[in-house]
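Report on one structure; see the data block that follows.
Order of writing sets the labels: A, B, C and D. Residues in every chain begin at 1.
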Amino acid sequence: MIRVAILGATGYSALELVRILLKHPEAQITALTSRQEGNPHIAMVHPSLVGRIDLRCENLEPSAVAARADCVFCCLPHGVVTSWVPPLLAADVRVIDLSADYRLKDPEVYTKWYALKHGDTKNLPRAVYGLPELYRSQIREARLVANPGCYPTCAALALGPLLKAGLIEPRGIIIDSKSGVSGAGRELKLTTHYPECNESVSAYNVGTHRHTPEIEQTLAAFCGQEVEIIFTPHLIPMDRGILTTAYSTPRGSVSEDQLKETLQKFYADEPFVRVVDHLPGTKDTCGTNFCHVTARLVRGKVITISCEDNLVKGASGQAVQNMNLMFGFPETMGL
Amino acid sequence: MIRVAILGATGYSALELVRILLKHPEAQITALTSRQEGNPHIAMVHPSLVGRIDLRCENLEPSAVAARADCVFCCLPHGVVTSWVPPLLAADVRVIDLSADYRLKDPEVYTKWYALKHGDTKNLPRAVYGLPELYRSQIREARLVANPGCYPTCAALALGPLLKAGLIEPRGIIIDSKSGVSGAGRELKLTTHYPECNESVSAYNVGTHRHTPEIEQTLAAFCGQEVEIIFTPHLIPMDRGILTTAYSTPRGSVSEDQLKETLQKFYADEPFVRVVDHLPGTKDTCGTNFCHVTARLVRGKVITISCEDNLVKGASGQAVQNMNLMFGFPETMGL
Amino acid sequence: MIRVAILGATGYSALELVRILLKHPEAQITALTSRQEGNPHIAMVHPSLVGRIDLRCENLEPSAVAARADCVFCCLPHGVVTSWVPPLLAADVRVIDLSADYRLKDPEVYTKWYALKHGDTKNLPRAVYGLPELYRSQIREARLVANPGCYPTCAALALGPLLKAGLIEPRGIIIDSKSGVSGAGRELKLTTHYPECNESVSAYNVGTHRHTPEIEQTLAAFCGQEVEIIFTPHLIPMDRGILTTAYSTPRGSVSEDQLKETLQKFYADEPFVRVVDHLPGTKDTCGTNFCHVTARLVRGKVITISCEDNLVKGASGQAVQNMNLMFGFPETMGL
Amino acid sequence: MIRVAILGATGYSALELVRILLKHPEAQITALTSRQEGNPHIAMVHPSLVGRIDLRCENLEPSAVAARADCVFCCLPHGVVTSWVPPLLAADVRVIDLSADYRLKDPEVYTKWYALKHGDTKNLPRAVYGLPELYRSQIREARLVANPGCYPTCAALALGPLLKAGLIEPRGIIIDSKSGVSGAGRELKLTTHYPECNESVSAYNVGTHRHTPEIEQTLAAFCGQEVEIIFTPHLIPMDRGILTTAYSTPRGSVSEDQLKETLQKFYADEPFVRVVDHLPGTKDTCGTNFCHVTARLVRGKVITISCEDNLVKGASGQAVQNMNLMFGFPETMGL
């Protein structure tokens, strides 16, 4: 049994972590942090947790967290995490960061997209990108895991194996993603006010979404070549789920069967990726750590379609999958 | 053609007023106010109005509004309107107030429920409650109309005629209402943040909702007796619509047919109330100024079910209906 | 480890059972039945199960099911189950029936509300109503459990303890319930066609819903007196969840604190009922086996508000809770 | 005042036509047809029409319809309309067909995509494609208008002017569209059963959607060159609205400003197309006949984003716009 702390407990990824960890046989939540005044009970913040966990949100220092936890999940905003990681690692605590701070290998790329100087370039090289389907062995040894973004997970799992197999061109890939509103977080904004976004679909951050370089870096890691994408996220009137429709150009002559078989083979032993023949919907993966993927060849273009629950495989479920790997538990435990 | 101004143009009832008035053959919008900085074009505030109306939101004084308008719709919060009404009336402008400030006849009841001293007790007695089905002739003569609340309209239209006919007891009436989220306004709140209220239903303000005394006053006006209700509003994951299920006790022996016939007779000549046999749903009235009503007799209790679009018959549509009456236009014009 | 079969595997309660049982450490699903042609793989019927369970839907006889299972969940329509139960019980299989066939003790009441002669009056007296909060010890010994309806569970858990404590009158209780659309099942109907029920709320089966006698029977069992209710269900545009707002008359002088304390005391040791101070929303219980309950005293009426996930505590979760009791597993196992 | 009939009155586009025409000052609905037994009153079929129109759905012959109408809207399924058009045209009635039967100029293309031999190749050449922004003058003279599909309207309005101006390549255009569920019609299907499609997004008919050749034909008409697209429609959990995100390759060096200005110029005098700077959402056009369009240049690709209400500009609103043109009414009348 390991002791687990969650930093930034008031948001949706933290709530999802609590939900999952409450049923995890080898992990016990021992600390929750937030800067809310008055140390509110977590069930005041998330009423679905009434009578299921008896912890308050505390405004703790890193040393206090380190004293209580073997593993820390950071659900803090980017830019804040870099001040937490050094003391936690120094105290021999393993860290899984759900923010973007340790995902991009190149701090200049980070600065370009996040408009911030990276606050911990010392530990940045030690961070392992927490996509088990690509980096499983490194994750097992990692002290610091950068948990992938929701869109990058969904896009990379569909496109990665095809790029690796050399079936599609690494440039000019169009990634059109559709996400539920929980992906925008719990902070109040007009765009996520119910009567504004309900019964509506819109694109946002066209050409500027920060997951763009993360997707490119991850796909490049799959295929060993530079990758260039056009990424367009859309807001969909539903709580959870991401569907990613990606359009790429085949390299030479490729059949639809070849696309599916390549995916099938790559994921044959993966516990959480399913290659399907039909066109999957986000509801098929809702509430689970699964990602469903399929591929089509249409008029000389490769279309991949993948879906996941953005809060599970796209965030907290994958974080627990990483925890399982880091601590030697069965990878699917509690998931 | 009359000139119309809308105070507080950034909210949903103002947007609905603009939508309706843009198609009204006898009204022209000449001024929109808000306290937003920089006098934003109304289409920046409500993107659905792009290219349909060329006005900015201005921070105007009452005198400036009066110089530009024959009729003013107040979409301001309660407590603010009372400083606008005296100068507007003095300038001979007719006012339709969508806030609660002039609805309750007794300023002490207002103070009790709104925790505010009434700011304009002088004009309060001149205000006519703008429910045309009850006060049509007074509305025609009114200079100041208090436009009814969304819940009171829906409840009163179902229960009023039955009370008036002496078919139900005026005490112990249970009113269980279900409203779409637009009823909560455009102000950001956690309770109306999409991932909080989507896929969920909850009661709110149980026993304390401010429409309670307004419903009682309106029903008492129908039947000439004191009325006592228990009112429970619920938040429903949809944009628009109110469904009100009310439970009352029959006075003596009453049949279901008698209930329906009483309603049918009362509304025989009404342009916007329809008595139906089936169980109506809010979608039946969505986007229209109609209210659908039916009644059932179940195990010795009278159940009335009524529905409306909270932004139309429950707010802006009824306001335009009142404007039509006040200015001698056909009552249904533009609706 | 027990072997489990699910009859009628194509509907939503069956899917929910599979989801829960896949994570249950002491149960293994060994058979799924349906009358669909061609014995489709269950993942063809429910695509969310791809790669998670490798069983087909088979058109099996009772004897074949009995040979493969220690416990059978019936997710068949009412009227059909009574031909399955006798052979299953005879083969010493324990049965948990999610239909209404064994819920009503009096076959004449069954006939009145379901317009059917009861097909198995011999076993009817042996059936235990599967509400653990009321019948836990009998469930432990039962061979046949009638799993409660979704509405009866939600209503009974709120009202039962107050009736039992003599705090409210057993007659004239008004139960106004709001349910998500999954409660209407997977059969295609115009009323549950997306563009018909989305963005709409309506009442249905007013005065005629078949859960009426079931709620009355359950509440009567709590308090030992005849109970009479008025029950009005409403369809809410969401997938899951029931919120029940019930209005009753206090017996003598009762305070709000007394109401809450009575509930608190009654449920102090219950694993799945939480008495809360705030007004709960269905989302608080979504995806869990919990029921949240609160009470208010408003103008001399008692208002109880309770919520649950209709597919979990209102159906399949409670069914697994019953299975746990029947087989001596910890009551919360897998839930 | 013209007399109008609607064939196939039970579906959503017919309902939308009725709603619009009820407020149209120059059109009167005189006949509604359907093959439903018993000639149900239209308000039994569409309860939102209670008390607003007093017509029954009749099973009429073409001659009976022709005797009652100057203009006929066909809301029948494709393949059926071709038996109605010849007698109606012969009787000098003008026809606006909302099905696909007269949209594709080449009957072989029709046969290829609809798997049907065209039933009226004689009148096919007389049909004018009812996109006023492209064919306004021909529509004015037309006796038979093929009202465009919902997806083709939204895609063509965004891409057409850019193709016409030679700013983008006519081949390899990727069109990723997102539609509300009303686009799938009122026929019951599992994919549009509420609990299946709510809270989910999925692609459908990938590579095979029948609007593909229609979009290509329309875009080719804009630019006078052959056009090839990849079209992927998605089902979004909302009632109404289409958002189309299209990706194309610029021809030579093009700036984002140039793209917007070209659109702005093309639509400068159009009553129903608005070129916006921000990223539009479907809600901005909901319930209106408007289409909002914008363009971006991202990493060397042109992205256009357009939205409309699929039942208004994508069907019935555009049909009324066509009627206005055909009968010499102001183009925006009633819209």
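A few points about this structure:
Quick note on the criterion: a residue touches a chain if its C-beta (ideal position, glycine included) is under 8 Å from a C-beta of that chain, and two chains touch if they have at least 3 such contacts.
Since the structure is predicted, the reported quantities are computational estimates derived from the model, not experimental observations.
If you match contact pairs by residue number, over half of those in A-C turn up again in just one of A-D, A-B or B-D, and that pair is B-D. Centroid distances built from C-alpha atoms place A farthest away from chain B. For the pair chain B and chain C, the distance between mean C-alpha positions equals 39 Å. Inter-chain spacing, taken between the CA centroids of chain B and chain D, is 36 Å.
Inter-chain spacing, taken between the CA centroids of chain C and chain D, is 46 Å. The set of chain C residues that touch two or more partner chains comprises 180, 196-199, 237-239, 280-281, 283-284, 286. By the touch criterion given at the top, residues 23, 47-48, 50-52, 199, 274, 276, 278, 280-281, 283-288, 290, 292 of chain B touch chain D in their complex. Against chain A, in their complex, chain B makes its touches with residues 12, 180-182, 186, 188-190, 192-195, 197-199, 237-239. Listed in rising order, the residues of chain A touching chain D in the complex are 172, 174, 176, 178, 180, 196-204, 206-207, 228, 230, 232, 234-241, 243, 245, 247, 279-284, 286, 296, 298-299, 301, 303, 305, 307.
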